[in-house]
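Please see the structure below; I have some questions.
Chain IDs A, B and C follow the sequence of writing; residue 1 opens each chain.
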Amino acid sequence: MVGVGVSLSVEGARLSMGSLRLDMSFELEDGEVVALLGPNGAGKTTLLRAIAGLLALAGGRVVLDGRVLEEAGSRVYVPTEARSIGFVFQDYLLFPHMSVADNVAFGVRSRAVALEWLERLGLSRYADARPGTLSGGERQRVALARALAPGPRVLLLDEPLAALDVSTRAGVRRDLKAHLAAFRGVRLLVTHDPLEAVMLADRLIVMEEGSQVQSGTPVEVTERPRSRYVADLVGVNLVRGRASGGVVDVGGGASVAAAGADSGDVFAVVHPRAVSLHRARPEGSPRNVWEGHAIGIEMLGDRARVRIEGRVPMVAEVTPGALAELGLVEGSPVWVSFKATDVAVYPA
Amino acid sequence: MRRERAPLWIGVLAAIGAAFFILPLIGLVVRTPWGDALQSLTSADTLDALRLSLVASLSATAFALVLGVPLAWVYARVDFPGRSVVRALTTLPMVLPPVVGGIALLLAFGRRGLVGSMLASFGVSLPFTTAGVVMAETFVAMPFLVLTVEAGLRSMDRRYEDAARTLGAGRWTVFTRVTLPLIAPSVAAGAVLCWARALGEFGATITFAGNFPGVTQTMPLAVYLLLETNPQGSFVLSLILLLVSLVVLVGLRHRWLGSA
Amino acid sequence: MKKLVLAVFIVAACGTQPLGAGPTPVKVFAAASLTDAFKALGIDYGSRHPSTYPTFNFAGTPTLLTQLEQGAQADVFASADTANMDKLQSDGLSNGQPKVFAHNLLEIVVAPGNPKGIASLADLAKPGVIYISAGPTVPAGKYALQALAKAGVNPKPRSLETDVKSVISKIELGEADAGIVYATDVTAAGTKVQGVVIPDTDNVVATYPLVEVKGARNPYGAASFVGFVLSSEGQATLAKYGFQHA
């Protein structure tokens, strides 16, 4: 059933493409901007194309405003051109044989409306130019105008900033945020860049290998990562295991002591800055102490990130001074310690 | 452009290869009686043959466009059982001796042919008519257009069509306003190749449509027949054909190099 | 070319080529209307002359003449008319005097059963009859024009074919209703077509001369082949294919 306030719902949408097995369910509301975040090959673009009707579903259905757009196994299939879905493609795909104004007028079938949109997006002077003569940022705005001009209910954006130079990305991102805010319909964008996702979206849906691994506001997702991918993006140590009596059993005979780890299947997160490194077995109270080897050292601003192989793989962040004091090089044996109270635990 | 010097043997063989084509052309130019050339050019028979050649080859190109572009689209986009077989059959005229093509056309569209006998009952007869010439030329030349356009369709970025569909365009609009303009260079190259092949067509034409001045005697037929009675005249006609072909090929080369 | 290969094949298949002796071919350029008769003649000739064997190039007489003028290598030229033979002589490409070896008469060729009921040259001009002819440069075409002139009719041909064989083919295929060809061609085509006799008053006698070509590689073979064609055995074979005695 379609919930209150839900405009677009994707229900058990399944399809296979090469090695990808897509299986996704989620609901989108008009008021929110949602970002699909995931590594390359996670199936984000495939999902967008399926929602637009450019790829057929093998299972599940897509519903917009209570109207079934497509239902696998039934004859219900609203063709792409009748779905009222605007699509901004990754490299924009402006028609190279048409002027900018003709591109924008293509969907709305009115030059006057097209010119209005160009005006709104500050592109009026390019109306008669060919798309090939425009900069990346300008092309992105033309693509946005072209997708919005026919007045769609849904706006899908596939990596809207990926084709741009790093130097122009920030400015274009700011503009895009404003244009997205001005659009009243359903907004779903795909990105592999966490910064972009956090800055543009009200809600993130994290995808890996065709499936949703996490969903929530940017704060919820970054504070409580539920996958190695998100943990790496945020830069924290993430383990998963069974909790009992203040200990998380991560399998293979290894465990992590964590305050509040009482029962059940849990994630445990340790910030690298909470992890200390020592030459010899440290004195004192930390409950988590073991010996490992440094297998990777990289400088990140004024901090050094050290990856340690051991009972549980960990990343520690130390100052360059500490690094020198420890005489740490790749392959060095090193002791790891962190307090049970520095481990955040939440149900998996 | 990189400066590159050819290894000696490649240079020598390339020069022989080029000479192999250029020498016959020089022979033609040298042996043509230029004094008679203008006179031959304006003689009624030559003008008839030239006019007929142009009309027939352009008509054949028009038919090839109308039928060949859809055929290429189907080959490139529709996966139907037996596609590769049908595709091979329709490109066969490229390797078939044109005379064989002419015989096959007779057996299909001749007075007693599979389809021709039905046409005959409506009083339509194709052999010995200009329509027959157009048909023979289309048969032999259309595969060049189909293959070129099919290659163009296969190499185009189909996501432009997707973009058009998300903008509310139906299939026909997508085809006419997006697909066709994007493959226009391939269509143009295919049409020119097709036209050049049609212009030079001899075997299928003389077999299927016969040979009569003003009706079915195209330039290549006129050249061949004139060689027996008036070799000088045939040199002049050959030269005219050669110049026309050269203009077309030089025009095409730019495109080929440009897209390579 | 195909015919030439075929002729070689037939000769070879009959086992007339002595092994190891290295027989030299005699290259004969012959008018298309001679195709069947000369192929048969070639086999007979080969069996009598172990040291040589004929290879044939059959085409319309003017085509052959052009080939010779452009330097094609041949030993014997057999023409379907005297005009083309005269041209060969005036080009200085003949060796010795041409000899007439056969005559041929014209016939109207029609489909079996003569569905259009053609009985005379005048019928060729009837509406609804598709008449085709060999081109006016081909001897058969030239003779056809002469015969039509004698009969005082002027049918408009729908096509001017490059040689007599393609006239017959188009009648056989049913694309045309009637044509004027040699009596020998009608004989050679067997039951696939039918002949309508042209009265002697309107008919034109085609004269077939042959000659050794200047610069023949195999002058012995050329002379012996010419001799064989003119011999009573050669003449009998020609008669079998519908040619008149020289």
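Heads up, the rule we're going with is that a contact is a pair of C-beta atoms (placed from the backbone, for glycine too) under 8 Å apart; a residue touches a chain by one contact, two chains touch by 3 or more.
None of these values were measured; they are calculated from a predicted model.
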*Would you mind checking which chain's C-alpha centre is most distant from the centre of subunit C?*
A
*Please list the single chain whose C-alpha centre lies closest to the global protein C-alpha centre.*
B
*Return the distance between the CA-based centres of subunit B and subunit C, expressed in whole Å.*
35
_Counting only Cα atoms for the centres, state how far subunit A is from subunit C in Å._
86
*Take the average of all CA coordinates in subunit A, do the same for subunit B, and state the distance between these two points in whole angstrom.*
54
*In the complex of these two chains, what residues of subunit C are touching subunit B?*
60, 62-63, 65-66, 69, 130, 132, 135, 137, 157-162, 166, 170, 173-176
*What part of subunit B is in contact with subunit C in the complex they form?*
106-107, 110-112, 127-128, 206-207, 209-213, 216-217, 224-225, 227-229, 231
_List of subunit B residues in touch with subunit A within their complex_ = 157, 159-160, 162-170, 177-178, 181-182, 184
*Please name which positions on subunit A make contact with subunit B in the complex.*
49, 52-54, 79-83, 85-87, 89, 93, 95-98, 106-107, 146-147, 150
